[in-house]
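One chain, chain A, appears in both complexes that follow, with chain B as partner in the first and chain C in the second.
Moving on to the complex of A and B:
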């Protein structure tokens, strides 16, 4: 398991024990439902539900907050931009409410991603997606990105270290742009060459384009009950939203 | 022991797409259970020869016979499965999220039943001394540990012929000694491409010296490594301690 991506994947909670495949369906449907909500109060309730699920998953709030800051920074300007760009006949207050709905929905959906993807090892979740006939090329792309992203980040760090060791000081000039261009170009070339070597190594071990998995899916009745719970929540939110709609 | 010759090449050659010749007229016969060393300066063709034998490159001339089967353009799976390759950079070889999954990858690809592959992986990791590493992330291991896992990934496929490309490069003396000890305990036929003469002396029965894509000479490690002039002519330097060692060992 990756210490960064799978940091909380081995905790013990009902969400961790939920079969990853059914969990993706259940929480994915819930996220989709949240994304369609129109009523501000229901959006608030959706956010509360997402926070509750986070608490059940026992993922530390500090970790979540640190990962959410960019999302929040991206969404906060909506409180100004939407009222300023509102259509004729829409009051400032209505635009503010609309911004609130969007922000609450966005936060609720983003928070749901943590219990959805953070409560099982990432590769296990990818395997689950494979069971739903997500194209295997796409899954392998994710799997390899997952494995090699940090290798390339290390390379980038080394490259930056090498530049600093030769007293490179970035600035707004051609030299800086050219240096970054060379660095990124080198990284792309070395990454490409490494992918060729990786493919050779995989072929040497019998790889023919399909990843074989060791773990067979075993679903228990508790997994289905949790899915039923998620489905019930979806229906309840949809009914609530329908009733709220003028 | 396998009665057939695991590796036989006749006039084997390989050229890159731009026409540059990487290997030419290589003829070798490697008998079952033999441990061969491939030595040569950088660019001599050692890695290319290993990749050709593993069926990962297509020869452009000559012939390859593996385990009695003449290899045409594509190496048949039945033969390819008997050949394992340990690559020089373990980061190219280890890509799974955990050590266990990396080791089990090969057997599963070979169609080994899941429970058998599972048991085999446990056994191999135990054998290489990494039984506690099953759930570790390969990326976060030391270079020596990664190299050991890379060897384990090949052992789990139970190949008859193992090709090692620079198995000790970049290792500290302790890790290097562990890897050499591990390779020495392995059965089967081995070909080790290396710059490390120590490894050749410790592991190999026969050595082939390659230069500019050709086999210059073959012989025992004592014959080849003891010939300082020959090594110098082909871009290699005999370590100062080597003559002393050769004079003082039977």
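Moving on to the complex of A and C:
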């Protein structure tokens, strides 16, 4: 799988136009709210909300579905394992309802990640966090790691190509594991030797421990209104959940 | 070692974020700006290593190599794991977003301890000893991580006991897989770049085996 949640970051939608920092704060709060809902109907409503936001962001559904495989693999066993592990006095049906609640809110949060992180270039979203007191060094680590991720993915691809050319077929055996081991070792050694050169190159280009950016952030009132909308949704869901609680 | 969104309870999520924050602060304590690129590059290398899949029946394991991360990165392993887990959640859709704190703690805490043990008892030994030691540490780190994950699930509700047990069982073969990958990596690093294992060059025995392998 190619690591890009931001493949559709250049579309046009109200979510794309939202300031990335405020978007992550607003939709992040909504994600935590969704993750802790208790009522089955509210979880359904949360999933509907997430789908609606996805539709507003105009991110193609096929792209989203292709990235849900792991989540679904994790979730499906819940329908069997939760009823099996239920406490005394809990019926099979109640346990199934609980499994449904978990799956619905899990899916709602997962789908919410696409409007949250997929509607702006990923590096732009990370940079935006810097304006909200995320520690500078942590932020730089995010940005550097993200930058070099693609360099090493390319190296890994070359390594795989070289292995295939020598008729290597991975399987569950010692040969495969040892080969992978040497591959990872090689990757670590070459990258380690690169880091010193990277630092010098960055210094030569004026790096002083601070990442400079040409894109100035300007938050408009629409950005704050959208944040207000997200906050209202959070409160509404929390109140709804509180009312539902027996 | 991924926990999906929507499963864990609020106290467990909060505890996860709290321990993760403390770990990241401790891990970046007195981190020199000049060291940033190195930590970042290692982070991306380990993240990329998780793209290596070992086929097993109809499914496949991907590598996470926590012990190796601990050995190579030392205390920086916590922040490196946090970045890798965030990328996994957002970029490759493995694991949840609200559970980043918990997942980071589960993976990084045993990795950190494994790194400490390696530096304390294995730095400066022959590469073969280091490699075998790293394999044992790898088994230990994964076992602790798997158990911590089970604990996080059970702490969220007793009804998750069956789920936790099931997860422990399917992840157990991973301990062997990771150990069998970690050992050759450490063997390779010990021969080619002993500095990465935190040992002085003169104290490693480079005559043990052929560095190129197969």
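By our rule, the second predicted complex is superposed on the first by the 235 of 246 C-alpha atoms of A that agree within 3 Å, B and C clash if a C-alpha of one lies under 4 Å from a C-alpha of the other, contacts with A are read in each partner's own complex, and residues count from 1 in each chain.
Going forward, a contact is a pair of C-beta atoms (placed from the backbone, for glycine too) under 8 Å apart; a residue touches a chain by one contact, two chains touch by 3 or more.
Keep in mind that what you see is a predicted model, and the values were worked out from it rather than measured.
Of the two partner chains placed by the overlay, chain B and chain C both lie in contact with A:144. Using the contact criterion defined above for the overlaid structures, shared-chain residue A:24 touches neither chain B nor chain C, since it reaches no partner.
Contacts of A:50 after superposition on the shared chain: neither chain B nor chain C is touched. In the superposition on chain A, A:205 contacts chain B only, with no contact to chain C. In the superposition on chain A, contact of A:153 is made with chain C only, not with chain B.
Within the superposed three-chain model, A:122 lies in touch with chain B and with chain C [touch as defined at top].
In the superposition on chain A, contact of A:194 is made with both chain B and chain C. When chain B and chain C are set side by side, the one touching more residues of chain A is C.
The contact surfaces that chain B and chain C form on chain A in the two complexes overlap at residues 1, 3, 122, 144, 146-148, 151, 194, 198, 202. Within the complex formed with chain B, the residues of chain A that make contact are 1-3, 6, 121-123, 144, 146-148, 150-151, 194, 197-198, 200-208, 212-214, 216.
Residue ranges on chain B touching chain A, taken from their complex, read 51, 54, 56, 77, 80-81, 83-85, 87, 89, 91-93, 95-98, 101, 104-106, 108-110, 114, 117-118, 135, 137, 139-140, 153-154, 157. Residues 1, 3-5, 28, 31-32, 34-36, 67-71, 74-75, 77-78, 81-82, 84-87, 90, 95, 98, 102-110, 113, 117, 122, 135, 137-138, 140-149, 151-153, 155-156, 170-172, 174-189, 191-192, 194-196, 198-199, 202, 209 of chain A touch chain C in their complex. By the touch rule above, chain C contacts chain A in their complex via residues 2, 4-10, 13, 24, 28, 31, 33-34, 36-45, 47-49, 51-56, 63, 65, 68, 72, 79-80, 83-84, 86-87, 89-98, 158-163, 166, 177, 180-189, 192-193, 196, 213-214.
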